[in-house]
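Report on one structure; see the data block that follows.
Each chain carries a letter (A, B, C and D) given by its place in the written order, and its residues are counted from 1.
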Amino acid sequence: MVVVVEQNASEKDIEGIIRVLHDYGFDVHRSTGVNQTVLGAIGVKPDFDTRQIELLPGVAHVYRITEPYKLASRSFKPENTVLDVRGVKIGGKEIIVMAGPCSVENEKQIFTIAKSVAESGAKFLRGGAFKPRTSPYAFQGMGEEGLKLLRRAADEFGLLVITEVMDRGQIELVEQYTDVIQIGARNMQNYTFLKELGKTSKAVMLKRGLSATFEEWLMSAEYILSGGNKQVALCERGIRTFETATRNTMDISSIPVIHAKSHLPIIADPSHGIGIRDKVIPMTRAAVAAGADGIIVEVHHDPDHALSDGAQSLFPHQFAELMKQIRLIAEAIGRKVA
Amino acid sequence: MVVVVEQNASEKDIEGIIRVLHDYGFDVHRSTGVNQTVLGAIGVKPDFDTRQIELLPGVAHVYRITEPYKLASRSFKPENTVLDVRGVKIGGKEIIVMAGPCSVENEKQIFTIAKSVAESGAKFLRGGAFKPRTSPYAFQGMGEEGLKLLRRAADEFGLLVITEVMDRGQIELVEQYTDVIQIGARNMQNYTFLKELGKTSKAVMLKRGLSATFEEWLMSAEYILSGGNKQVALCERGIRTFETATRNTMDISSIPVIHAKSHLPIIADPSHGIGIRDKVIPMTRAAVAAGADGIIVEVHHDPDHALSDGAQSLFPHQFAELMKQIRLIAEAIGRKVA
Amino acid sequence: MVVVVEQNASEKDIEGIIRVLHDYGFDVHRSTGVNQTVLGAIGVKPDFDTRQIELLPGVAHVYRITEPYKLASRSFKPENTVLDVRGVKIGGKEIIVMAGPCSVENEKQIFTIAKSVAESGAKFLRGGAFKPRTSPYAFQGMGEEGLKLLRRAADEFGLLVITEVMDRGQIELVEQYTDVIQIGARNMQNYTFLKELGKTSKAVMLKRGLSATFEEWLMSAEYILSGGNKQVALCERGIRTFETATRNTMDISSIPVIHAKSHLPIIADPSHGIGIRDKVIPMTRAAVAAGADGIIVEVHHDPDHALSDGAQSLFPHQFAELMKQIRLIAEAIGRKVA
Amino acid sequence: MVVVVEQNASEKDIEGIIRVLHDYGFDVHRSTGVNQTVLGAIGVKPDFDTRQIELLPGVAHVYRITEPYKLASRSFKPENTVLDVRGVKIGGKEIIVMAGPCSVENEKQIFTIAKSVAESGAKFLRGGAFKPRTSPYAFQGMGEEGLKLLRRAADEFGLLVITEVMDRGQIELVEQYTDVIQIGARNMQNYTFLKELGKTSKAVMLKRGLSATFEEWLMSAEYILSGGNKQVALCERGIRTFETATRNTMDISSIPVIHAKSHLPIIADPSHGIGIRDKVIPMTRAAVAAGADGIIVEVHHDPDHALSDGAQSLFPHQFAELMKQIRLIAEAIGRKVA
């Protein structure tokens, strides 16, 4: 922590600040300039509330000097984390594609879509069985029946499974069917849930909260990592901005910034990121060009009758075409679509 | 739903749109103007995804015409909801004051503070036993031991209890000790949790999410109301804006706007709203002047040694002084502090 | 500037950073802790681009330690600035009320409104002659003719004049008719204009930009102050947030925060802040309760036929009633409406 | 305009609303459903303030059904606008690259950089002579001397010129030296300035405001187009979000969305968009992959000594490498870098 003292602070004030810092257990280094004094306070309290010092007489500013996260940080672990999900690597040189419907709706639907995305080269089948919906009156998902269908469809076509868990009470059930657990944006700071996820043996893909900063997102990853689960990927799915013409604003810049700050892989979700089918395509291309380690895209063979998010689901032929484009872009930047 | 057709749409496009609306079960009324056609689509689908229509050829815009919430809406229930918590009325003419520390820390602390806030006129004792913390390394609350102390301290000084529940798994435990259940901002859209809260017999105070719109906030209240629990109050605790000089930006305008849109009472939390002790005072006054039905304020007898949020906790003498000011302001607008 | 060095930085990196800081002309103080080194860099470059240091190998963070503004800062001038506009004091103990229509429309309109607001106790007549409008097809104001009417109406009823200038080319003209020059939110960072305003002899009321932080707002005030004009007041008029139910989000917290950071007076504009007539009233009360030095409110005798912003204009009888309420609130906090 | 009537509105209220709409000159079409009445109000008032109707008794919602802009809209002009700047086409199949320093600093600097970016394939030389700076104490640009150097350097190496104009008073001067006039983000809603730009014979590149919606941005373009200047391009330069780790948040989604809403070309400015050199590269690639019609990038041969924005300027060898990558990406999506 660095404490900047006000220019006109008295020596008494400065001594008072130093005393309080000592009381809180910090080592204090003082730099006295001509106009201004700066105090370096070194200690072992990553969660210290700096406002306690801001309030003292004579204090101009207080800056925390360490990242509040550690295990998620690239300075703690410089080399990339590469998840190994039953032999498929996430975070390496290859870009992984996850595709499927928003919700599992019935056997025919999920098998049709699974076949089609497998043929185009997806490695994972996505599909929700528990759906977080803004309205209590909306379709809430098929539950365990949906999980069973999802697993069978994936197995049939050689795909892995990724699906959402909404609550710590569902973890045990969903673990039986999925390969990767997906955590939704609205749960990014559900701390009791995050702690539980630190104990699962499954990999976790943690979506970014609607208004989360990079630091908050990495702090949430830290909750899972500190619980003992090192298999964590991040997922950019768009943030809230003032724009209402799109569902969210897909923040492509999170890709290079997270790569600089953290060793964890980052997946892009352009379907939720922009929310309108024809614009999902350019945004997926952009995510790959910016360096995403994977993409997760909604695909539906009959989106007009989808029970949720049909408007942002690609038709299978659009998905096939998109795969061709991103293979070329991956090559242009020295990577490869798995 | 109102569908505005593009100015240059063909008759064939318009007929296509009407056919799709019929397929989805809507009654369609057509208004043909000189330059533009507008379709009114009337039906019973509050959660219909309007993007399904936006994508059709010839569609310029689609507007949902009904609020997605119903039970929370003032047009559904014009008269104010007044909660009755063991005889104390929230949402009536009187303004209710809730006060206490951020966290319950020990017996001496909670009894000292309870005594002091009761003497100044608070009706509720607040205090956290389960704490949502951004960092996994921070103090996470005393748990059940804290609940017991909180209840005993409140009972001793004739106060009611309000405390936070973080997860549906904690409801049953906390219900035994509290009078009102507080739901934190980060849980505002934790839907499995909200559903469970619809079944509790306790009143619920639902905090606004960090970036939630009024509609989303009322939709979350709708989840609780639709589960059968009609004892719901809302709590404004500040939203996120670009400003970093304050913890949050206390949105005083939510008070008159929520009063217009909903019959539910609204409580103001200036401690979290602004986050710095000396500015909590003017913001509390502002909330009362704007028409808040209650305030919840952090008070600590020794904030420098508080385990959480000391910087935003008032000293007991500041709280006493604040009570005097808000009594005068309440009178100026024809209300009264209970 | 404080430079925090990465925990694993080499001594060579640290020496490199120090060398570069010296090259830029800074004095460097080094604090070497067990785990981390912190460098204090002291110099006279308020506008130094700290990213130049952030990019160096071994740098973890850089913090600017001085406010980038000086003349606007309370640490530079601890006592309140009190503007004296022809004997009316803005920024003292008394709260000043400015009222009038959005736009000057014709003689009858401005004289009717001027009479009515004067009778209720306003000190200033507001009214636009040059109107910034989002649409090029909207009413753009009466121009000089409007200024003449505004001045005559104000003089007739013993009021002072405040009106907007949109461009540095209009300053000379408007100065002849107004007592205070109002700068609109969209011009808050029009720097060539701000420089010119440093040279006028009139007081300036600078509105906050739609998404401006407090620091940016004070930097814009600094432009005017550094040009030699010390008669500057700030005006909170609402910021942009995600909420679309109101025109803007009136940020009441700017009042206590600006009072802490700066010696300049702050006026509240609830008409633009919330944008709907019936909610202007509680928001005005809140602004006074929070400590505003003045309020500026739109009033129109026939708002249904106003050429602009009728929906947010109070009827004269509402304004009269509001004046009574704020007199009581001012008293409750030890102030007085002038 | 569509007026949705409240479910419990009386017939008298509905008639009252219709009467007011007629008074304002609208044609009214009424659709009476079982539960709800909807009124279509058709007229020729693009700037009508819909709040005038929202306030009437019985009104639930009002929706404007026409875009407030017309000349900028793709429904008005379906085919792409292609600017022709002395033979270089902006908005066609080819992607145009603009590069150069943030500010013109001296002859040697601008000639060195011009030579290098020309060799790598840029078509335009960028460089500021008038600089909008947050601080009045920062370097404000070389003025006319800088314009002369910029023109000479561009001519020497076969480049076109793009440079910023900050104020309507500077247009006449800058027109003599530049090929395209750049309008900065903080001037996007400087309406007196935009009107003047409608009269210049030069093409204009209009940057997006820091918090501007797509509609507001296109409304500002409308100001220029409606003044008679049809040579307008838009420039995405990043918006403000809650993230503080980057200068701005580059909104890549504006590229496909603007292409859908408007016929005007869109240029991407990743240097301001993200603000840190090494991340400019992936963001430029992403912009091209998303379909940008051009890019504008800061390049400096000695960024450590740049007078402004050195931290976001590429080294010439990085720029050369970037050109290679975007040529490959352009090919992957069926376009070409000019």
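Things worth noting here:
We take it that a residue touches a chain if its C-beta (ideal position, glycine included) is under 8 Å from a C-beta of that chain, and two chains touch if they have at least 3 such contacts.
No experiment lies behind these values; they were computed from the predicted model shown.
Within the contact network of the assembly, the step distance from chain B to chain D comes to 1. Ranking every chain by how far its Cα centroid lies from the centroid of chain C, the top place goes to A. C-beta contact counts were set side by side for A-C and A-D; A-D has more.
Chain geometry summary: the mean Cα position of chain C and that of chain D are 27 Å apart. Here the CA centre of chain A is 30 Å from the CA centre of chain D. Separating the CA-averaged centres of chain A and chain C is a span of 38 Å. Across the assembly, chain B contributes residues 211, 240, 242, 244 that each touch 2 or more other chains. If you check the complex, the residues on chain D that touch chain B are 2, 4, 6-8, 27, 29, 31-36, 38, 40, 42, 60-61, 63, 65-66, 75, 240, 242, 244.
Residues of chain C that touch chain D in their complex: 20, 46-47, 49, 51-52, 54-55, 68, 132-139, 166-170, 186-187, 189-195, 210-211, 216, 219, 222-223, 226-227, 240, 275-277, 304, 308-312.
On chain A, the positions that touch chain D within their shared complex are 211, 213-215, 239, 241-246, 249-253, 255-257, 260-261, 273-274, 278-279, 282-283, 285-291, 325, 328-329, 331-333.
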